[in-house]
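Presented sequentially are two complexes of chain A, the first with chain B as partner and the second with chain C.
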Partner chain A sequence: MTTNKVTFGFFDEDAKKEIRRASLKAVALPGYIVPFASREMPIARGWGTGGLQVTLSLITEEDTLKVIDQGCDGSVNAVNIREFIVSVTGVKQTMATPEATVIQTRHRVPEYPLTSNQILVYQVPIPEVLTIVEPDTAKQKEMHASVDYSKLWVLLYEDTSQFGDSRISSRYPVRVNDHFVMDPSPIPKYDIPKLNNNPSLQLFGAGREKRIYAIPPYTKVEPLKFTDREFIIEDFGDKCCERCGATDVYLDEVHQEDGVHFFCSDTYHCDTNKNEVEDAA
Partner chain B sequence: MLLELDDVSKVYGVSCGNCLELTGDSSECAICPECNAVVAVNRVNLSVEENEIVGVVGESGSGKSTLLQMIYQDQKATSGEIYFNGLKDSNGNKLSLFNLPSGKTSWVRNHEMSMIYQNPHLGLNFNFSAGGNIAEKIIGSGEKRYQIIRDRALHFFGKIEMPTSRIDDYPEAFSGGQQQRIQIAKALSSSPRLLLLDEPTTGLDVSVQAKILDLIKALQYEMGFSMIVVSHDLGVINHLTDLTLVMKNGCLVEYGLTDQILEDPQHPYTQLLVSSKL
Partner chain C sequence: MSYVAIKGGTEAIRASKQFFNDSLKAAEKIDDKALIKGMVFSCDRVMGEGALYTEKLSAEAIRRSGGDLFEAAFYVRAHRSTCQRIGQIEPVDTSKMCILRRISAAFKDIKGGQILGPSCDYVIRLFTSFKEEAWKQRQSDPNSKDMYLESALGPFRQKDKVIILENSEKEPFDVTRTFPLPPYPRSALMQVMSRGETGALLAFAYTTMRGYGDVHPTIGDLRLGTAPFSFEHPFTRKKAKVGEMRFTACETVGSFSRDKKDGKLRLSVGYGFCFGFNETKAISMSILDLAMHHQGHSVGGMDIASNPEIIIHHVDAVESMGFSNHFKLPHYVTFQADLHVFEAAKDNDDSAS
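Right after this comes the complex of A and B.
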């Protein structure tokens, strides 16, 4: 006879233990990619299963959950993942960044500064930063072990010599804790400085590639760049969000029939900013 | 002493333990009659001084390239030690290249040595531009300032007599001889102490061969580094090297001044080799 009792957090305890072990190892070795037994989830691989598994393994009854997709709480994927997690855990859900204790994200770091009470879980499509320059996984491991990232530097060199600066707009390689270079998931360059010395724990889950890695709180994270070249983030010039008027945020470029529009990428930030502006008026 | 090889051997396959004695110079081939293991290199001793140019000749399969690959740490030796440039461990004992910590291995390969392969596909990364290939070596030797890397890449690109306007082209846009010259620029860009050349001009037409040999010689004179040149072309050996070692069945059968070996070969195999010269 089989019992079909739903456990807290979807997984059985052994599965959670295995994912937690991988996460702990990842925290112990900042930026190091730890393999884990990525499980079948009720959503397809490549749609956030890595982040989902990390979130489910560490979430508790006391947690409050926020899920964003490119800064947006309301997109289909964010809503579905959030509702799934809530349905198997019963935790409180929120859109307010400061209220959340666990934030699962796809391709953005929230605008609102994070605290040491919060965990940020990234969904990662391609965890291995060396894949583009070295397809051989055995060689990749050797390169990580001997801190030999000269092939990544060559990409920067080539872009700089031909285009004046790196052409990488998202997934900009970062060096963690002066050792491993890692893929920060496809966040824009704009978010890279936020990784450095961040009070929150940052966990990265790649479900399809079966890998977990981490940036522990208050860890040094720096983008890979030549010492005589500056790291330049996106500049929106004099553009501001058409909805709330914010200028000091990452803006989404929306192409419509009547031209190009700019809006906040972070919807919670946009909402709060709009309310503050209206209250003041 | 820049490089010292101490009884270096390489056996492919499971050795019976007597392979080294049962094969070599006096026997017919390098395959052990007892266990069928292939002895590629058989107890080679060699020392190379600063600024010295050593040639390695021998028929194909005599272990020339394997010897070079072991020095460059592309392959591990079965037995024996290779000492380089007085590297010592924390107790002050001589440290073999095979016992270096992994970080140090890539340091030696990037800083101290360079290899030029017969096939440019082995020495160059065809996904990177010519300049990128040269930059890879410079970056590997520890330079992280863009302007210095770029200037040095341009400098060496000019040194190999290529128009600097082509530095951002990809290797497939160059001819075989040009690719070989880019390999030379890449190899020299980290100012290595030891340059290893594995059949650097085989497969190139004679006029290009002569140009590349002259280039290597001029750069060696200018920069001052030691070289080990593997070739089965006695003309190349005669043109480039001071000393020559002759290999047969993995063994070093004759070693001496290049002129002396070419004029007055002692070992029967060397005599055959010299008399076969067209």
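Right after this comes the complex of A and C.
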């Protein structure tokens, strides 16, 4: 095999520039989805190539990287993506949320509060929030331009009248900066409140659909909801993490030989919480 | 050399066939083992789309067609027409198969565990080697037992949380004996999809997950492995094991909806199955099964994949490839007729202006 000679961050400089320009535009228009070229990556489309491209375009030698999938640093896809990024950048990697400067994530926002020194990069499968009610790209664009989200409201109304609440479980539509309605990527409703007024820069990359969008730091983000209806997040009742005892976290339901168990979805949070509990004891 | 000689085409055709065979001569050097073991996914596609479980003939078909998998499946199908159907094997219960790989995306851990098995999912697709540390192959444990795992969705079924579609079919339909009229039995749709072309199934399934439809699938249980199949002996009437098959099966969870049976809310589940190892096909098929049998949110009738009429007639490789290539055949009679109509319309147009 030939020795591996790639530039820092895998891409050529033109590709990075293009992605950065799209990202800057996205930051300037919170919640607006910006098209970009989206190069083919050596991992498959739909496996995080959008997040990966955003991360590779902005990461520097000084950064410390954390990659999670379902809240877990050890999840196969997270490990694979982290190893790939490290192999083409040589950056420091960490599992500790506070130590990371760039966090690439799939399906979760870390439990540990983020700071203004951190960038959270989301892997996005379906960037267009209107897809569920209007699949045609040209019509979607018109609807955003006239801030016309009536079809989403009708869907919300239909679900509420039939089932008591929206059937949308993850990817719950959010309104950003009192203007555009946006798809927050498939995070659970539990994570939606964390998007609001978050000190970190949140960037969203969709590789297959070739879109980038952003929530700048300290931006107002609220779920699309009727004023007389409460936004209800997932409730685990009296269940707690069997490993660290945490109750105020998002839990994974795990089926094992001896039955169903619940554990923290955020593994770093679980580790630190477990240590704190043990230290206190 | 004209395209359609007025007469004397026989010689030209013979020469063309000879030319084709000569140009693929190098393929003769590829032996069965290299194809069956090394090009396993090509062979499996051909077996699946050819609708005949035969590794050896799939390998032969790939050689003869120069690696064109449409053509290879075509060879197998043509051969299939010469085989007498002597009966049906006992249904294979995929929850009782011997597992090589079994994953579920719905749960972090499941009874029996996530068994990655051999997979290219996490391969970095670069020609240069990418710090892939050589992994010392673990000695296979001679005492290791075969693995049998119930579906990861088993607990949901036991708790009556899954819609079980009504089945009024006494026996599964066989589209190779007679072709159904609508409404199409689910077993006929399943058979057509299981014989269907991987790319066609994928493309239709992709429309529903991308926006033209609203199937939001979660892979509940994807499994690769082997199972024996048995047959009732025609004379002794005893069950006899006649062989073993490798296959892929997939159960995909959709959204929830009202069960027609009792109006209760339950989860919808789609199923996919194919010969050999072909995860893309089994997943796509399970998504199409979901789309066709479980109405979800509406995108204003713009979805096509939920229409059995579309799926049953448009996913078969032998049919679609055959028809699209038939346009290479001479059409001079019909084109002549077309031209007459065109000229007449043009004359009419010109005289009116």
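Here, the second predicted complex is superposed on the first by the 275 of 281 C-alpha atoms of A that agree within 3 Å, B and C clash if a C-alpha of one lies under 4 Å from a C-alpha of the other, contacts with A are read in each partner's own complex, and residues count from 1 in each chain.
Assume a residue touches a chain if its C-beta (ideal position, glycine included) is under 8 Å from a C-beta of that chain, and two chains touch if they have at least 3 such contacts.
Quick caveat, the model's predicted, so the values are computed rather than measured.
Asker: Who does A:V277 touch here: chain B (first), chain C (second), both, or neither?
Answerer: Touch status of A:V277: no partner.
Asker: Considering only touches as defined above, state whether A:A37 meets chain B (first), chain C (second), both or neither.
Answerer: It touches nothing on chain B or chain C.
Asker: So, does A:A96 touch the first partner chain B, the second partner chain C, both, or neither?
Answerer: After superposition on chain A, A:A96 lies in contact with neither partner.
Asker: Applying the touch criterion given at the start, work out whether A:P135 contacts chain B, chain C, both or neither, answering first, second, both or neither.
Answerer: second
Asker: Considering only the touch criterion stated at the top, classify A:W153 as touching first (chain B), second (chain C), both, or neither.
Answerer: First partner only.
Asker: Go through the superposed model and pick first if A:A28 touches only chain B, second if only chain C, both, or neither.
Answerer: Touch partners of A:A28: none, neither chain B nor chain C.
Asker: Who wins on chain A residues touched, chain B or chain C?
Answerer: Of chain B and chain C, C contacts more residues of chain A.
Asker: Which parts of chain A are touched by chain B and by chain C alike?
Answerer: On chain A, the overlap between the chain B and chain C contacts is residues 133.
Asker: Which of the residues in chain A come into contact with chain B in the complex?
Answerer: 133, 142, 145-148, 150-151, 153-154, 156-158, 160-162, 226-229
Asker: Using the touch rule from the top, collect the residues of chain B that touch chain A in their complex.
Answerer: 102-103, 105-106, 110, 125, 127-129, 131-133, 135-136, 139-140, 144-150, 167-168
Asker: Quick check on the complex: what are the chain C residues that touch chain A?
Answerer: Residues 107-111, 116, 121-122, 124-126, 128-131, 152, 155, 210-212, 214, 255-256, 265, 297, 299-300, 302.
Asker: Show me the residue ranges of chain A that touch chain C in the complex, using the header's touch definition.
Answerer: 1-6, 42-44, 47, 70, 72, 76-77, 80, 83-84, 87, 126, 128, 131-136, 155, 163, 167, 252-257, 260, 263
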